[in-house]
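In what comes next, subunit A is part of two complexes: it sits with subunit B in the first one and with subunit C in the second one.
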Partner chain A sequence: MDILSSLMDGFATALTPMNLLYALIGVLLGTAVGVLPGIGPAMTVALLLPVAMVLEPTSAFIMFAGIYYGGMYGGSTTSILLNTPGESSSVITAIEGNRMAKAGRAAQALATAAIGSFVAGTIGTALLVVFTPIVVDFAVSLGSPSYFAIMVLALLAVTAVLGASRLRGFASLGLGLAIGLVGIDSVTGQRRLTFGQPLLADGLDIVVIAVAIFAVGEALWVAAHLRRTPLQIIPVGRPWMGKQDWKRSWKPWLRGTAFGFPFGALPAGGAEIPTFLSYVTEKRLSKHPEEFGKGAIEGVAGPEAANNAAAAGTLTPMLALGLPTNATAAVMLAAFTQFGIQPGPLLFENEGPLVWALIASLFIGNTLLLLVNLPLAPVWAKLLRLPRPYLYAGILFFATLGAYSVNLQAFDLVILLVVGALGFMMRRFGLPVLPLILGVILGPRIEGQLRKTLQLSAGDVSGLWSEPIAVGVYIIVALVLVWPLLFKAWRRARPARVAVVGPVNGGPIADSSAARPTAESPTADSPTTAGPAARDGQVRDGQENADAPKATHANHGQEKS
Partner chain B sequence: MTSLASRLKGRSELGVAALLGAAGALVLLDAARLVTPYSQSDPVGPKTVPLIVGALLLVCAVLLAVNVLRGGHGEAEAGEDIDLTHPADWRTILPLAGAFIANILLIDWAGWVISGTVLFWGSVWALGSRHYVRDGLIALALALLTFYGFYLGLGIALPAGLLEGIL
Partner chain C sequence: MSIVVGYVPTAEGAAALDRAITEAQRSQSRLVIINSSRGDALVDKRYVQAEDLTAVTERLEKEGVEHLVLQPVRGHDAANEVLDAAEKYGADLIVIGLRKRTPVGKLIMGSTAQQILLEASCPVLAVKAGG
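Presenting the complex of A and B:
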């Protein structure tokens, strides 16, 4: 299959006036929800699922693609103008970008974020075009055992690597898998966890679960802790950059992209590690290291590019393998299933035109974002002034409407409230939300692969490792699981090192809770925080006097949903 | 280590462990109830995965309880509009949940336009707005717009309820 001609066909589909309109709607909607606190792209896609069912699948996915990239862009606007990162991947933007804004350079910060996002998004999408078919070629040769192993790896990696506490991640995963079990078993027709309720027999609708966890849980949680003093929003005009700013931005954009894409494409890469890496690199390479922590443009350009490139990278496993690694991709995967499209390696073969139109619309969406958002930045800034009672009442209103319109039964609203309360509890006690959603979505598919695998081996357990790739993947799984134990042993073996690692490791925990002295006590299993947190610490070291963003890092590894 | 009571104080997170444990037990009990004749075409059967999931939940429950008792705690999630310095404000949450439940009870009988208005108006009130008339008008407008938008635009007929025939 000739990639270029397929891509051109994709452009031909995506550039029809109707689809262009959906791309524009998606981009505007995505940016708006990215800017607004409390809602994010995953929830928006989930809410729009019932509405989108009346559309052509292609148009629906073109709109979703716009929401996906738009949400990323909107998030950076908020962190620059408010100094409170909505998601962990824009922590850095909040530090450096908000400094710039306070120094009167908000226009330049927004411009470098927007143009950097465009550059990184476009390069990232181009890389997606190059790499995804290669991954697909590799993936179609995989049998059930390997596929099962890869899905297990994705699930465990997201649970174990992202987030501050592995234990709490696994607890969340378990809850998600349990929710995924509800309903009639597809092979034997037995009812599982339905408690004799006929309404539960079809399983819990993924739209209802996603909306409950993301929207209702979030709205209730914010309502419980609503900030009564209005946040200070920095006014901004039209973003622009001077010659000097361009000179200082273009290299960080490219380096950020190079960091972001591979991490995004990995099962548990996420966007936050590359943004930290990019920040540290830029600081080291900059001719003006003294400006870092006081508003260096490189510190916005690099991490923002890394963030967007990671978003593009995430789509590689999503489209090639049917493996989502962030919340928005997970809900988009659920959308495929709702449209009756089977995600996985065969997606390109079976739904080629749709996938290529989706990819083409990523290029288009990126360009639209740049064209639309540079002039609209002051409007987005105004959106931040929306009175909070209306915002959160509106979230609840549309969440209810979206969940109800799936099946038109009030019972779904009861589920919505119960699972929403669960979402509230998870936010209160630091259980990450992403493993739960992935558990709900991937759980049934993993079970299917497991049963297929053992069916092929006639019940022989060794069938699970009958393919060399499966064996390789299990070794990686083992490493992911055992790594923190090894790390612990290594620290014990070299006590001198502990003194150095200790405070850095404790950095974000101690830092984020100056008001709560108890926070010094170890959070769950602290070694795991070493990855992102240690880097976090490094970043903080560089700018101790700068007041850190108000948000804690509890939502490590999570994005605003 | 003093009395049990003082050790339990401030450990509301143990409730999470209890919930996980209950969920795990539920999944295991439900799985045990399934009867599955061995079949060549499905050696795994519908029981295996629930057993694994139930066990995972139970293990997490125990480990979390131990972790909490030893002083660990999860970090509450932060965000743009969240101020963690004050405790959970139940005087906001409970009316909010009340508006939500009112909507559930009303939606099929009174219809979406009425129940949606109640939901939005009640939520805005719970969240602290006191512009009764303006909020009411906004709520009614939203409910009407979504009702007709869904009906005309998407072909989804939300329940008209008491206003059947008028709308």
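Presenting the complex of A and C:
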């Protein structure tokens, strides 16, 4: 009852004309960046961080939530009409979606994607409402040792499980943690990594880092790979669905939701793995398996539902524990810090109205997205005709303006350029960006928890495993780290069977480690050019689809921000 | 002997191609078809895709015209690509399609046709759609 009344209060806040306007702005921006490959919600939220500082925190987060959900919607449009995924989470959608479009069923593909996203987003948000308070109740009882252990798990899981190469993941994490260390140590007052530079004493501003990594790094990367053969959008009218399409879509929507939400909530889940699992499941359960590879509507409905449900799932640990599991959530968490709001289990208690307004705005945003996307999908696709130099020039301009406006210090521009160049080099050498940004954002907090733990135990290291939950989490950490080795050994012992069983039953960990050999090479190339081409070839070869999309998913999963 | 034609999949482009084929047949010369894009947008509807291109080449083969189809994506303007090709292949004639444009539109967008007309070193034949 308490939850319901809080939620209703949230709706009251979110439905004020001003907040509704911000939700609309967020939704429109989100769809736009979702449609455009290479620009994601994480970059957009990062660019808007400085602007949002002048808004009410509630309005700002309503806008961010709209961008986040909108990105998930918009990605499918590009996937279907262009065979280039607009977002990493819609890579799978492109497989069947584009086939459908080529077969003249683009309208149905767009409709099932939009309605499926709406259904999954709404159910996912409802699950968020139900589960988050439970997680909070549990989390409030956690002490520093357990909290430290959980954060270690989050960092390691994202680093080791997602992405093509563990070494690159850990390199990126190390960079992030190092950036997070810069500044004056809060306990002893010592200067760390400041190189005698007084301007570094306050540490590096998270906004500047996020803008540099996501916006400047990406813009430089695209500028280095600007020319590519233009594609053509498949012409389409207003999206609609026939009775048969509804009948074939509703079950995949629900199953996709069931896959998406838990994976989104897991530290290393993300939105890519559940879309893939949903695709494989639909392929096995479908009454029309022969249509897969030629444009089966189930193959669009399931994954699209899964990625939106995952988006909702991601918000559960973010709001309940202050633990981001993907790049957008990480940047949103940075926004909390900028507003002086302490993320973590006490968020609901201290900032109840804000959080509930945010959750209510998710329901509203979802409905707005359906209204904006269903009739207007072909119009959104026109954005793809924008010459990219204009686009990225604009992004760089906003990035610079934003970074300068945070502290009004020219020195921040130097940091912006240096870290932006770092972001470019990371993309060049295939280092995933997500571990870095998590390292920057979680690093100082994880350090705080570690300090607290050790202070409580008077410097005794055994204090780290003084709580049973912490011990349990460390066991999971060990499993995450050791699992790929075991899996490799097992595969060597029984090479033939794993090829069949691995991708389907393996779960997230086995999944990505199986993908590693294939994903290694495309990582170094441009994600946008290598992705669709590689997948196209593999699918057409009549290869087992299970293997083909996974390679690209791992590739896109880490490159796209 | 060769004729260079700037082709885009529009009514004007089709008219230019039609006329260029006629000219090539009459003078027994090679037809160089230029369809270029700057390649900086993800989608460019003036860039001919594979299926349409096959249709064009099939037609040229049926008409018995010696031809060469080029689709340069180098970040240059279409006008420069056509002029480049005219020089490289020693064109005797350039065929282009013209469309109606208001003076303001021309001021803002510039004119590919005008640049070709002014800078070409050989005769230029400008064709309008539906003619």
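One rule holds for everything that comes next: the second predicted complex is superposed on the first by the 490 of 561 C-alpha atoms of A that agree within 3 Å, B and C clash if a C-alpha of one lies under 4 Å from a C-alpha of the other, contacts with A are read in each partner's own complex, and residues count from 1 in each chain.
What we mean here is this: a contact is a pair of C-beta atoms (placed from the backbone, for glycine too) under 8 Å apart; a residue touches a chain by one contact, two chains touch by 3 or more.
Here the structure is a predicted model, which means the values were calculated and not measured.
S.K.: Name the contact category of A:I233: first (subunit B only), second (subunit C only), both, or neither.
M.R.: second
S.K.: Looking at the overlay, does A:L386 come into contact with subunit B only (first), subunit C only (second), both, or neither?
M.R.: second
S.K.: So in the superposed three-chain picture, is A:F131 touching just subunit B, just subunit C, both, or none of them (first/second/both/neither)?
M.R.: neither
S.K.: With both complexes overlaid on chain A, does A:D185 touch subunit B (first), subunit C (second), both or neither?
M.R.: first
S.K.: Look at A:Q455 in the shared chain and tell me whether it touches subunit B only, subunit C only, both, or neither; answer first, second, both or neither.
M.R.: Once the two structures are laid over each other on A, A:Q455 reaches subunit B alone.
S.K.: Kindly classify A:L82 by the partners it touches after superposition: subunit B alone (first), subunit C alone (second), both, or neither?
M.R.: both
S.K.: Considering only the contact definition stated at the top, list the common interface residues of subunit A for subunit B and subunit C.
M.R.: Of subunit A, residues 37, 82, 84, 226-229, 231, 387-389 contact subunit B in one complex and subunit C in the other.
S.K.: Please output the residues of subunit A touching subunit B within their complex, sorted ascending.
M.R.: Touching subunit B from subunit A are residues 37-38, 50-51, 54, 78, 82, 84, 86, 164-165, 167-168, 170-171, 173-175, 177-178, 181, 185, 187-188, 190, 192-193, 216, 218-229, 231, 387-390, 392-394, 396-397, 400-401, 404-405, 408, 410, 413-414, 417, 425, 427-431, 443, 447, 450-451, 454-455, 458-459, 509, 512-513, 515, 518, 521-525, 550-555, 558, 560.
S.K.: Name, in rising order, each residue of subunit C that touches subunit A in their complex.
M.R.: 37-45, 47, 49, 71, 73-75
S.K.: Once bound in the complex, which stretches of subunit B touch subunit A?
M.R.: Interface residues on the subunit B side: 13, 16, 19-20, 23-24, 26-27, 30-31, 34, 36, 40-46, 48-50, 53-54, 56-57, 60-61, 63-64, 67, 71-86, 88-90, 92-93, 96-97, 99-101, 103-104, 107-108, 112, 116, 119-120, 123-124, 126-129, 138, 142, 146, 150, 154-156, 158-159.
S.K.: Please output the residues of subunit A touching subunit C within their complex, sorted ascending.
M.R.: So the residues of subunit A touching subunit C come out as 36-37, 82, 84, 226-233, 381, 384-389.
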